[in-house]
């Protein structure tokens, strides 16, 4: 931003000698961005800009409170920075994320027929900047909302790491009501955004007969229905498509049709009230996730010295090279819990079949069964946050706590 | 009409598809496809986004009144960007350079840094709900002194297949939008300017040709009227007529307004459910309606039915608004009894609504929700009749009249396309851009340098086959032969059902070269090209018509024919040439040039007489 | 193995007081494994074992040369340790991998109707122990086989890292004939092994009108047809299923029906002879692959100090946390090429959309387009093995060399 | 027959499915499903693996003669392990402990470390092509002095649905295999031993019940005969008969051998294509055959048709071998003319083949490949008739005869299952294992301690409802009431169409407790249980039959009935009790115990007379 002008100032400038006048937006990469009367932005030489008029008063958002229907169930919306609602200021072209219940209801009017809402902002970050400590805050905030009477909780979240966060919260929180993570793959400032459908379907799921942590996102490229995924079994499988989120090792636990908002849960879905509200919010942050590749130097593993836990995404049934096994053994001998998962993502780890696997087992590696590497990482953080005895750590890591492990591989690829 | 007195002002926006390798913001080809070739289909809803006033833009809101699913057809030539499932690629440099070349022709100022914007469009024609558009250059001039305000680079919208189904092949094809100021004052001015700009566009050699590849939007107003934007005028010849009719329309609407004011007319507030009144109606439309509503237009009698453009009445304007609710239109009392509605029913309705003779009545029928919406829309438009001419976006109908499309967008609904980085246009790049030779100049040059006659030269430069013609000339083909083959022969063959589109430029050149080499006679061109179009190799097709008639063979043939009819020849002398020509040509057609035959015959006759 | 006995010796032992006699197999984990007359193995206390008779002569494999049909095309089989053929010695129960052409033809008799074979053993390792230098040897061996007249090459390979190896070879080798990698997910010693069908389909592909490097494996759980995958677009997506290999970002380039062995290639497949044989066998081994996760300590990136290249599997469109960007910048400033791919595996990286992405771009990160992280790693090794100018490295990494990048995302999830 | 003189020796292998929570090498339930419930289907081929001799095992090779696709049905209760798409899980501890408990009963020696082996089975019944099996214990004894050689733990094979389609629900259910030495010398010995072992298995309370859950294989030989293994004898009652018939079969085959040798019989080498001879045949089988082949059995006439077991001839044995080629069987001259083959055709065939009267002829018909295979197989079996009894695996037919299945496996085709770690059985574990009380002992105890009569006690302990009975007794229900309800009432209700399988044990116990509490009469049990099976809650069903007839109500009813018929009562005195009883019970049935009614009636009659 320029020192001289503020966004909204009217400036005159020269564009290759052609005089122009417009609203000053910002300075970026050595150019001044000016919005012309036609609405177009252009970049001009900042040196040619002169002030015509200081920014006028910005039209103040009318405190138009959206009516909420008190007969509907109370749902909490906790925002972490994923934009389920945004506002465009056409005067300057700026897009801002919106977080209050009013803002969200204004952006997705359909929500008001599903529930009444209390909204809170926990964080306003890009989801790649999530950390274990924010996960803890999130678990606490959800816990508080349920304790205070929410019949369901919506967590709006950037899609990049939504699956990590949802699985982390799964371990920390026993919930009798639905806790539904939702985001959008196409930004909320576009008419085609998936935010409306995802938001409404997620709210419907949050009001449904569900009692676990879930992720609700588009199931197909159509605006036809959302899938409800178990938090510990879902993974983002496409950089940009609406239907990026996919369950692994099991079918989604439900679907929500759009626009009817009919919720269909499978027999696998944990039902409302099956669990008593409880918070176990300790996490061990000194845990890592390592993706093995052929030729990996054993030294890379040394970067995790001092860690209490390491999840390896090995090849195939759960392997690393013979050369790396020594380094793995060193980490274990130094007290770390090392859990093997597979970079195949689908299927079960089995280190009994091949030599390197057997060597890993004898080094003390814990087989991660059919856990997703990401769900294994957040689980390891949680287990090590609550338990230090290696045998009990092993037992917890190989037990099914929140659906992250299935004893039987009964689902297709 | 005296347009000067009326205060006519008009400007145009010309949208021209560019013939680039790839689309503007993805790497798909710019190929149009047949819908039957689609590879997939998906559907979406679009949601108007909230503006800074906490309100949804009226134009956007109106599009959404009748909530619709939009269906899209995908192809093996479209990708996730058209599907709104992947961020756009960087702006296509080829398209940008074409826009800059145009800017150079109009002596414009290119912006120093091009910013791509999103313009909201929620009629379904853009999967994203917006159209990407970027201002490239400003401030140009036209030879007639008019002003080219801007050149923008935009992405083309998806083609509507029918209803709410769109085809994604067209979405994302680069468009240049050339906007003039309202610098034209007669209908003819507008048409000539459009013609000129069209010629300039074609001069780049990089624009798509054919129906729908260029579209003119025309802004028209008269002094006391209002700015009306008429979309989608595809036929150049109709431009002047469209302007004329709009001037007429605005004039008439103003006259109606004055009459209404004089009558102290007003729009009845109350909309009544009159369904029971039509319990036994014979009107097929009213019979199947769940609900029939009506309201009174006080003092409107006779004016609702007044013609404001050929085939258009104030009633049509009201109908247009009602259609936005998903209804077919209205009935109004100026046109009744008709359509199965009896005089008795009208009388009963008048009585029921307490309408006086000078009042008009509007009837809407359909579902409960749609009729409520329709009545509101009809009242809205009727009220505006009291004010004069509404600012509107309209679409052209056949013949040049127009119908209502949507309100004029208020302020431009634009915000930055953050997924596309701004593109700098450094001085170096701008200097490197060369303006192409204008086709009008080129035609003059062809006339002077190549000896084409003026009409043929104009025809050549405006033809899609100009590159082929130039290649032919470069290859040493005589310009007239090239021009006549390319413009004449091919067209005629096409008309006769030959698949001329299958002929590759190289094949046509090879045939022409064979003529110039003397391998075949130019009379053989149609037959050779027909054979090639049917799948014969060029060499083979040429071979079939070459060598069959050497000079010696021709001489032998001529001698034989003359000898056979020697008495006749001796009798007629040189006048025998005509009749004998036919006999020789029956054998030699396509194998030897007619002039050569005529010459050989002349010599033989000379020899024998 | 015991000091006292050799495999095959007849020993007497006591099993909880019950005398037993059988063939001594081995000592393992403190127990002697003995094979009884019934064929069953049991573990007994080695201290109770006494020799009855030394191992008799082992039945010598008859040098039964399998007839090869000289009218069929000559195919080369290069074995790297994946077992496409194995032999069970029922006397001792031992399973041994087989590598000669005779052995392979005896195990998969159907091969002899497809081609005649020359077989060579390049390595006998578990595929997790593959290294870039073995990839180089492999590329050289394939090159030599083609130069010597092979009409197609089969590479038998363990499935764990087959996709890595196949992509590495893709960059090093321009081939006018098919080079088909094949393995089995179920071991060759079982009647249900996928080795027979995979081997025959791969041989059929190696004889087909193909001119690129491919992976041919089961397409479904049925024994119905194999998919032919482009080497740079395939990934192992299940730890144990037959149909683990799946193409990403494009459909498979072909299929081979079983048992008809009819080969169907798509328009995408490069045809035989489209390319002239050439070998470019330089690789830069100092390259790594890093899988980002939320909360990752920037120090982990320091483990790659001194590396010439690093592929990051970032989140979503290609992100790491703001905290890690500095460390990425340091690596780049120190001369490393850093390429961003996505842990979503599907879809295209686009760092223009979000702030962290833009920061990564300005730090000098190269967008990996829609490359698989694994194919990007082997590509980076190859590019850095052949090029050091950063700009040319960037250009090569963002150009499509062997089908690893597609300019258009025209394929479903 | 004098089995001692014949040198009969027999042993048995008993395969018993265990009723564990999960399967032996995966975590799926051991539930059998209806095929209609299958969730998916896939198909595979199996390939025989090369043995150390570079040859494929003969048994395996024969299975593969007719190359087949195997189809498998999957369920929501099966997983990737059954699909052969995931390595096996560690061995099921529950199953191992049941096997060890059995070992304890038979006083066996458990192995110190259990190794899981793969046994090749390529008939399609195992998706992997092998069966996992592990030797758990050795060297046990039977009360009759026989020897239990081994106990193995195996996985059950998939159930054949039809043809080559298998159902995966059964695959992987744990089986114990108990193998005796050939320590039995009469058919009755074998049957009694099987009965005893069956009782021991049921004593664990952890075995599956019902048809197919236990299968006996029987090894039989006579002195000059050969070991024959008869598979899949499911009915205990047939065991002795099977042994008898096999002894008869071997005896007859030896007699045929002697006769053949005496005749210097031999098998003709040459197989002739005799298709043309049957050009106009009326035989529907031969008519549709592409190829008909025949060969001569020199000196076999009359013997091919000799019966060797009820319904079985040497010709049947030859047919069995031919069926392995995918053919339906053979025709042989001992049975012709028949099946549409005329005497004339037979004569022509004999002449064509040069067969003498003492020779037999075998005919095979079908495709070219299959008839070639079939003729080879038929010759093979005929040659073995010259040697006596072939070692074979045979399968039982209805009634107890047998047919050929496959050769006896040579050496056991076993190699280690490397995906399953060996399981140590430390002394501590072995000591902790307790042998269950044998059912025969339990029956005696029920007789002595609970006062059940001997037959009922035996019936109780052999019933699947034994756990329910024990729970009832533990809950204080009178043993006789419990036993009669559980074994009698429920059975009768089931026979009457009541859905007794829907009754939960807890519901039955609750009803019995209500009887013991005096809340309802035991006569009400059938009606209450019927109501509960139909969906009524137990409390409600009990309520409907309780309280309706308190002692007071009963007294009132009895008084009223007696008062109404006071003359009759006074006339008959106590003999009126019988007739009146019927009247009272018509009102009180199911509401009050009959004895109570009788007592109340007796008192009332006493009172009034």
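Labels for the chains are A, B, C and D, by order of writing; each one numbers its residues from 1.
One rule holds in what follows: a contact is a pair of C-beta atoms (placed from the backbone, for glycine too) under 8 Å apart; a residue touches a chain by one contact, two chains touch by 3 or more.
If you're wondering where the values come from, they're calculated on a predicted model, not measured in any experiment.
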Chain D and chain C - chains in contact with each: A
Chain located farthest away, centre of chain C as origin (C-alpha): B
Centre distance in Å when chain A and chain C are each reduced to the mean of their C-alpha atoms: 33
Rounded Å distance between chain B and chain C, as computed from the means of their C-alpha atoms: 56
For chain B paired with chain D, centre-to-centre distance based on mean C-alpha positions, whole Å: 82
For chain B, residues contacting two or more additional chains: 80, 85-87, 418
Junction residues of chain C, two or more chains touched: 239-241, 317, 347-348, 350
Touch-based graph of the chains, sorted into line, ring, star, complete or other: other
Of all residues in chain C, those that touch chain B in their complex: 317, 347-348, 350, 352-353, 407-410
Chain A-touching residues of chain D, taken from the complex the two chains share: 26-28, 76, 78-81, 85-87, 418-421
Complex interface listing, chain D residues touching chain C: 42-54, 60, 69, 80, 83-87, 109-115, 117-120, 122, 127-130, 133-135, 138-139, 150, 152, 411-416, 418, 422, 424, 430
Residue ranges of chain C touching chain A (in the complex, touch as defined): 126-132, 158-161, 164-165, 236-241, 243-244, 285, 288-297, 299-300, 302-304, 313-323, 342-350, 354-356, 373-374, 377, 413
Chain C residues touching chain D - in the complex, by the definition given at the top: 15-18, 20, 28-29, 31, 33, 36, 38-45, 59, 61-62, 64, 86-91, 93-95, 106-107, 185-186, 188-193, 196-197, 220-224, 239-242, 259
